[in-house]
Each structure stands twice: as C-alpha cells, then as structure tokens.
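Okay, so chain A shows up in both of these, paired with chain B first and chain C after.
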Partner chain A sequence: MENPIHNALLEQIKHKSDKLMNYFLISFYICGLLLAFFYDTWLIAVGVGSLSLMAYYSTKWLLPASNAYQYVLSVVFGIFMAQYIYQMHGLFEMHFIAFIGSAILVTYQNWKLQIPLALLVVVHHASFGYLQYIGYGNVYFTQLPYMTLQTFIIHGILATVVFFICGLWGYQLNKLNRRLIKQTYEMGRFQEEQLQKKVLERSNDELRKSNKELDSFVYSVSHDLRAPLSSVLGVVGLCETATEDPFMLKNVGLIKTSIKKLDGFIIDILDYSRNSRMEVTNCEIHFNELLSEVSNNLKFMGNEEQRKVSIRTIVNNGDPFYSDKSRLSIILNNLISNGMRYQNPQAPDPFVEVEVNVSKSAASIRVKDNGVGIDKENHEKVFRMFYRVSNKSIGSGLGLYIVKEAVVKLNGTISLTSEVGKGTEFSIQIPNIWNTSMPR
Partner chain B sequence: MKTVIAILLLTAIFSSIAGIFWYTDWKYSLPTPLPKQYHAVNTGAFIDLKGKLPVSGNKPVFIHFFNPDCPCSRFNIPYFKSLARQYGDKVRFAIVVLNNKKYTSAEIQDKFDLNVPVSFDSSIAAACGVYSTPQAVLLDANQRLYYRGNYNRSRYCTDTRSNFAQMAIESLFNDNRHPMFSIDAVKAYGCQLPACTLK
Partner chain C sequence: MEYKYAKVMVVDDNEIDLYVAEVVMRNTKFAEQVICVKSGKEALDYLRPLYSDPGEIPQFIFLDINMPEMTGFEFLVEYQQLPENIRSKCIIMMLTTSLNEDDRLKAERNEFVRRFLNKPLDRDKLSLC
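Our next item is the complex of A and B:
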C-alpha cells in the first residue's frame, strides 16, 4: 500500500540514515588517516579517502531525489575496505571492513544496496586472483601456509552469507515497517469510523425522537382542533334554521364552507400524521367494498353548483389481496376526490374511473378522469408538500403529498400521465403482502 | 543532464582512485636509486667490522639494516623477528639503525622484542654496500660477504618462494660456496638512506 504517511516515514528514515552516514564517512576517513601512521600511506589515505567522499557527496548533491548516492555509498564502503587493506599491506583483518559497511547499509532498508559492495569484493578478488594465477609480477594474495584455496572459498562463502543476511534484514525491516504503517493507518481509520458511527447513531436517535414528538404534537393538535370546529358547525347549522333573512343565510353559508374547508385541511393533516406515525397493518382488502365506501363518503362533497361526477369502478379480483386498508383508503379517497374536484367544464360527461387489477404479487390501480389535467412541468411538483398548481386550487396542497407518502409506506410506486384539457391518469402499484409474509 | 554529469564525475573519481592505487604500487615497485658516491661491494669480499658490532667469533653474522621511519622497515619487523628466532642458535643477528634521529639500543630492542646487538654506525652500511632499508647482509664465519639483498620479493614478506634472506642462510649451511640469487633478491628495494624518502 502506498500512502502519503508511508512515504513521509520512509523519507524520515532516509533523512536519519543520511545524517548517520555523515558521521560514518568522517570516521572512515579519520581511520584512514590513523592507519597512514603505520606505513606512511598518506597519499592513499588523503587521496583515495577524499575522492571517495567526493564521489558520495557529489552524487548526493547532483541527484538528491534519486537514491543513486546510496549505491555510490555501497561502492565507497568497498573502496574504504580496499584502502585499509592496502594501507595495512594486506592485513587480513581489514577485510572485515566490508562487513561493517554491509551492516551500516541495513539502515536504508533496501537489500539491493548490498549488491554493489558484494560485487566490488567479488570482482576485486576474482581479478586479482586471476592476475596472480597467470603469474603477473606482483603478489596480491598472501601466501601464508594457512591460506589455502579451501580457506579462501570458505571465506568467500561466509562473506556472501553476511551480505545476504544484511540484505535480508534490510528487506525484512522494510516489510515490517510497511506492515506497521498500514496497521497504524487502518487502526486510525477504524477508530475514526467508529466515532463517526457513534455520532451518527446519536443524532439519528435524537432526530427520530424529535420527529416522533412532532408527529404526535401535530396529531393531537389537529384532533383537538376538530372538536371545537364541529361545535361551531353545529351552532352555524342552528343559526341557519333560525333565520330566513337571505343576507344572513348567505353569510352563514360562507361560514359553513370555510369551516368545511378548514376541517378538510385538518383531516388532511391527520391523515398525513397517521400515515407517518402508524405501523403498516395487514388485512385482506376487498376492493369492491372499499371503493363503494369511498365513493359513498364523497357523494356529498363539493358545491351544489358543480355537476355530479359519475364514479365508475372496474375490479378484477383474481387473488386475495393483503395490504393496509386505512392507507389504501386515504390513497383512493384523495385521488378520486381530486378527480371530482378538478372537473373540466367543457367535458360533456365528467367521470372518475377506477380500475383495479389484483395479481399474486401486486395490485395495480388506475384512477382516470376527464378533468382539467395537469401541465407537464407540474407532473413532478404535484407530489410535493403544500404545492398547488394554481391559486384557484381549492385543496390544502397536502392531498397528493399524502398519497405519495402512503404509497411509499406500502412499498409501492405511483406515476401519472396527464394532458391539459383532456384528463389525468394515476397508475399505482401496491405489492401484495400476502405473497411475501403469509403462509401459502 | 545532471545524471550525465554525475556519471561522468563518478567515472572520473573512480578512475582517479584506481590511478592512486596504481601509482603507489608502481612507486613501491621501483628499485631504490643508486647513491652518487656508491662503492659496490661484491660477494666474497672481506668485511672488516673493526669491532663496530660485538659479533666476533666463528659464527656467521646476519645484519639487519633498519630505519624506524621507513614504512617498509616497519612492516618487515615481524619477519626479521621470526628469522632471528629460527636461526638464533646458528647465526649471530645484529641490527644496524640508519637514521639521523636519536634512538637508544633499548628502544630498538624493544621494537623487535629481541636481545640482539644494535649499532647506529652508518659506516657499516657503506662497508657492506647497503644503500636502502630494509636490507639483509649475511657474512659467513670468515666475515666474508655471502649475501646482501632483500628479504622477500613481496613487500608483504609472504611469498615463501622469494624469502631470499632465509634462502641465503639455508644455502650457507648447505655449504654452497657460490649461491646464485635472482636480480629480484640483490637489487635493493626499499627506502633510501639515511632518512625515509622513497625517491
């Protein structure tokens, strides 16, 4: 996994290691100077040592972004080894400098850094060994009796093992670091998620609570408003019978209309409140009964001057249908009353047609009228709360919003097609709960 | 562009490093130049020590010409010690210090951890025809020059096939009257006299 935190940490490791290298390189240089006292190898100590440092620092300066200088460092350690060996005229122990270099390189956590050093050692020994083998003038390798070919091979193998192990540690360290960073990162993220979840849950709970409170408030207020309204309506009725003054009768009629409108509005709010508050109940629906109930309730709706609207119902009752009766009633009541209310005065025969087709999976209900119709741009908006197509609209602006909410509660869908002047058709799909929850 | 510069620079630096190694090696491999007033002393010549070294008697004498400031001499110390230990009962060993600074016999003996006579008389070197350090001179029982030359072809004294000084001792005891030594053996290598200057 590559992420900014990881890169930053690697950069930090690199930076720290680079700092350490300054001390190591200075120490190597000083060691060379100290060794020069033995056999006056000042030219080697100063010349080779300085050039080595120059190679490292110039690469670092020229290519700071790449890690080429680390590879140069690996070579420089090899050169220091050669320098010390030379300064001590082949003192065998100086070969261990290669191992020190190898160990130092572990800090960069990159196993590949071992390669230049190992290669330098191998190439150096192989070429000098070859020169000696072909009998080139100078003697490069000690010929002490205990230094047999076998010993050389063993030394070579051991050196290889050291380089390999140091490389392995570098690799392992790097892997471990990566894993550690990943774990830390994921743990942090997990904690953050948990915290967010907790906060979300708490605010969710609060929201639910306040929503519930609001709903019950709306319900009780609406309910309490209706009682005095009924009283007023009763008193108005009394007044109506007690007078024959046409002026009074007209005004009392206006009061009655307003009270009925207010009552309708409160009923709408109550319907909405019930819909959002109450659990979905489950009982068998007989559409014929339900529709006749609804149309009976609506018979006396509307003003006297409006024409009578014929309500036609077509029910194809194949399978038993289970759903929430009160919500279906709200839906049908609102749609049919809308159809009756917004009739087209030009149409000769105003009607509202309800067609119900019941299947095992769902009931599809079509409510069609030949009323004024709805403008296309308002098709979406009519389902919004308190949205009224025009100022002439009589209703509360809640009807279709409640219909939509109720359909959603029943896991159904609603759509409409309409043309101004020709009529409106609502199509509703309500799933049959019998199909999913009832034993077959 | 920077990469190219870096590569060129590194190549130059590493070449210079190789060059320094090569130059140093080459310089060490040169024979010591002959001094201007050098009187050659041939093998077989009688060397009159005139009591300059307390080595009288009928034993062969092995003289080690040593300069504490000469790196080659310093490096040679362990080897001379091993020779002195190995042949100490048959050959008398002595050290001639060729240096302008003041040293005491005890200091020199300390360096070698050997109880051998030490002389600071540079005329011994002239008498033996020695003009560099480290050099070995082997006189037979009659104080005639048997061998004068290097200890080893290798500066590290590790090439057993070119342990010339040791070979000379062995040859002497094998009663070889006219030993043949290679040019590597008798051509003096090492530091010039009296101070340690390689050139």
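Our next item is the complex of A and C:
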C-alpha cells in the first residue's frame, strides 16, 4: 500500500542510514590507514580506500533518486575487506570485516543489498585463495600454510549464513515497518471515518427532525388556513339558501368559486408537501373502494357543471395490489378532477373513465375523458410546476406536477395522449410492491 | 314538514361553524333542537347526567377533530366511559376540515363513528345522515 505517510517514513529511514554510512566509511578509511603501519601498505590504504569512497559518493551524487549507491556501498564493504586482508597479509580475522559490512547493511531494510557483498566475497576468496595456493607472488589471502577444502566449505557456509540472516533481518524489518505504517494509516482513516459517520448521523437526525417539523408545520398551517375558509364557505352557503334574488345569487356564487379555488390551492400545497416528505407506505389497495371514495368526494366538492360528468370505473382486480394509498389517492383525485373540470361543452355526454388492470408486477391505470383535450405542444409542459395551459385553467398549476412527483415516488411512469376537442388519456404504470415486501 | 330528528348535538370550538351547523339543520328541518357546545368537556358534562333520562339523549353528535384542550379523538376515548344506554342512542359523525388520510382512517376505525364529513356542513351532507 503506497501512501504519502508511507513514503515519508521510508525516506526518513533512508536519510538516517545514509548519515550513518558517512561515519562508517570514514572509519573504514581511517582503519585502512592505521593498518598501513604494519606492513607499510600506504599506497593500498590511500589508493584503494579513496577509490572506494569516490565510487560511493560519486554514484550517490550522480543518481540521487535511485538506490544504486546502496549497492555500490555493498561492494565497497567487500573491497574494504579485501583491502584489509591484503594489508594484514592474510590475517584471518580480517575476513570478519565482511560480516561487519553485512550487519551495517541491515539498516537499509533491503535484503537485496547483501547480494553484491556476498558475490564479491565469493569472487575474492575464490580468486585470491587460488592465486595464493598456486604460489603467485604478493598475493595475500590467508596466513595458514594451507587450507583444506573442508575449511573452505565451512568458511563459505558460515559466510552464507551470516549474509542470509542479515538479509532476513533487513527483509523482516522492512515488512514490519510497512505493516506498522499501514496500521497507523488505517487507524487514522478509521478514526476519521468514525468521526465523519458521527457527524453524518447527527445531521441526519437533525434533517429528519426538521422534516418532521416542517411536515407538521405545513399540516397545521394548511389546517389553520382551511378552517376559516370552510367557515366562510358555510356562511356563504347559508346566504345562498336565504335568497332568491338572482343578483345576490350570482355574487354569492362568485364568492363561493373564489373560496373553492383558494381552498384548492391550499390542498395542492398540502398534497405536494406530503408527497415530498412522507415515506412510501405499503398496504393493500382495493381500487373499487378507492375510486368510489375519490369520485364521491369530487362530486361533493364540484360545482353544478362538474357534477354532470359521469365517472365510470372499470377495475380488473386479478392479483392483490400493494402500494401507497395516500399517493394513489392524490394521483387519481387530481386526474379525475382535471377530467371533470376541463370538459368539452360540445360533448353531449361528458365522462371520465378510469380503467385499472392489476397484475402481479404492476397496476396499469388509464384515465380517459372526452374533454377539451391538450394541444400536442403542451403535452410535456403540463407536468411542470405552476404550468397552466391557458388563462381558462382553473387551479394552481400544481395538480399534474404533483401527480408526476407522486408517480415518481412510487417508481411508476406516466404518459398522456390527447387531441384538442376529442379528449385526453393518461396512462400510468405503478409497480406492485406485493412481492418485495409484505406488510406487517 | 316534520323534523327529521328531535335532538342533535354539535361539538366545535369555532362559533361560526356552530352557527352554520345550527342554521343549516334548522333550515333543512334536520333537527328540532340543536345543542351547540364548544368543547369535548362540555359535551361530556351535558351527556353524563342523561343516563337517567334517555329521552333527552341526542340522536347525533357532530364532532370536530381539531379543538383545544380536548381533541375529537380524545373525546371519543372519554365517550367510551359513558354508560351503555347513552352510547347506544348516539350516532357520531366527524365534521372537520381535516383532509388527512390518517384522521379519516382513525375515525372510520372507531366503533362509534359512522361517517367522516368535511366542513362546511350543507344540505347535501346532511342528507347522508
């Protein structure tokens, strides 16, 4: 897992190790100088030591971004070993310098750094050991007069074990570090997530609360607005029955129409608010009952003209249908009342026909009238908020918008076909939520 | 023309609505005597002593829902405590401006309530009673 914290920490390890290397390399160099006193090997101490340091620092300087200088370092440790062995004329203990180098390399936490050192040791031992035994002059590998193959193998195995263990520690340290970094990182993220979750939950609660408050606010406001309106309507009704005077009757009729219009607005706003805030409920719908409820109600509310419209219902109830009753009621109420309002004065038999076909998966509802119809260019627009086709439109311009919103809430679809002067037909598909979740 | 019922009670905190109900009932000869009370408590106080005088029990009670102190539904709970001979004589009609579906369902589930009517009361609505 790569992330900024991780990279920064690895960078820190590298930086610290590099700093340590400066001290080690200087010590190695000085050590070479000290050893030069024994057999007067100044040229070797200064020459080989300087070349080694130059190799290391020039690589580091030329390729600062890569880790190549670390591999050069590994080789340099091998060369220092060879240099010391030579300087001490094959003093056996000088061979241990390889182990010191191997141990130092652990700090980089990279097992691969052991490889160049190990390879160099093998090549050095093999070549110098061989050269010395065949009697080549001035080659110092060991002070032993001879070395058996067995000694050589044990020597090799021990060296291998040391390189292997140092490589292993490097690898293990690296793994552990990565894991720790990952854990730290995840812990931090987890805490942050918890915090966010808490904040989210709190704001969710607040939202839910304010939604509830808003709903009850809209409910009480609309009730409080409607209560005096219905009182006025009651008194107007009394006036209407108390007079025969056509002028008075006309005026009272106008008042009544206005009050009903205002009441209609409030009811639309109430419907809209409830549709947008209330959760979808799930109960069995009996379309016959629902339709007779809705049409009875509309007959009551309507005026003389509207009462002339006959409401026909055809319900083919195949399967039990589950959906949200109050939303279905809003939908049917608005569509049927539109059909009653926008009737065609030329039509001898104004009607609104509602046909419902219920299947296991959905209810398809068709609301058809022989009213004035809607011009083709307005078919899309009628579903817009506050859109009214003409100034003859009676109402808030919210009705079909609310219908569409309610249909959407029920995951349904709505479309319309209409011809001016012939009538309008709305087709609605509402999914049956019978299968997905049965009621309690 | 004879009165349809002898005695009807209307419970509503709104005086205008009480007045409208009273006039409509008188005009349509719906009830000979209209008892108008302005709260559920008043209605209970009126009804309670009548168990010894069942002839005076109103045949209908028109009940508003949204009233201060005691709502229509709270009244119905108290009403249940009244003696059987009172309850058996009364028919309760909810008369409210509420269009809330929950209110309607709650009212219709109540064994004492026969109908849920929306205000204002008029001739047509009374003819349903």
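Everything below uses one rule, namely that the second predicted complex is superposed on the first by the 286 of 440 C-alpha atoms of A that agree within 3 Å, B and C clash if a C-alpha of one lies under 4 Å from a C-alpha of the other, contacts with A are read in each partner's own complex, and residues count from 1 in each chain.
Please note the rule applied: contacts are C-beta pairs under 8 Å (C-beta built on N, C-alpha and C of every residue); 3 or more make two chains touch, one makes a residue touch a chain.
Given the structure is predicted, the values throughout are model-derived calculations rather than measurements.
J.: Answer with first, second, both or neither: which of chain B and chain C does A:Val72 touch in the superposed model?
T.: Only chain B; A:Val72 stays clear of chain C.
J.: With the two structures laid over each other on chain A, which partner does A:Ile331 touch: chain B (first), chain C (second), both, or neither?
T.: Touch partners of A:Ile331: none, neither chain B nor chain C.
J.: Is the number of chain A residues in contact higher for chain B or for chain C?
T.: B
J.: So in the superposed three-chain picture, is A:Thr241 touching just chain B, just chain C, both, or none of them (first/second/both/neither)?
T.: Only chain C is touched by A:Thr241; chain B is not.
J.: Based on the superposed arrangement, let me know which partner A:Val382 touches: chain B (first), chain C (second), both, or neither?
T.: In the superposed model, A:Val382 contacts neither chain B nor chain C.
J.: After lining up the shared chain so the two structures overlap, which partner does A:Val372 touch, if you call chain B first and chain C second: first, second, both or neither?
T.: In the superposition, A:Val372 touches no partner, neither chain B nor chain C.
J.: For A:Arg226, decide between first (touching chain B), second (touching chain C), both and neither.
T.: second
J.: Identify the partner contact of A:Leu62: answer first if only chain B is touched, second if only chain C is, both if each is, neither if none is.
T.: Only chain B; A:Leu62 stays clear of chain C.
J.: On the A-aligned overlay, A:Ile44 touches which partner chain: chain B = first, chain C = second, or both, or neither?
T.: In the superposition, A:Ile44 contacts chain B only.
J.: Do chain B and chain C touch any of the same residues on chain A, and if so, which?
T.: none
J.: Can you name the residues of chain C that touch chain A in the complex?
T.: Contacts found on chain C: 14, 16-17, 19-21, 23-24, 27, 66, 97-101, 118-125.
J.: List the residues on chain A that touch chain B in their complex, please.
T.: Residues 38-41, 43-44, 47-48, 51-52, 54-55, 58-59, 62-63, 68, 72, 75, 79, 82, 86, 89-90, 137-139, 142-145.
J.: If you look only at chain A, which of its residues touch chain C in the complex?
T.: Chain A reaches chain C through residues 219, 223, 226-227, 229-231, 233-235, 237-238, 241, 267, 270, 300, 325-326, 329.
J.: What residues on chain B touch chain A, complex-wise?
T.: 2-3, 5-6, 9-10, 13-14, 16-17, 20-21, 23-25, 29, 71-72, 74-75, 153-156, 158-161, 196
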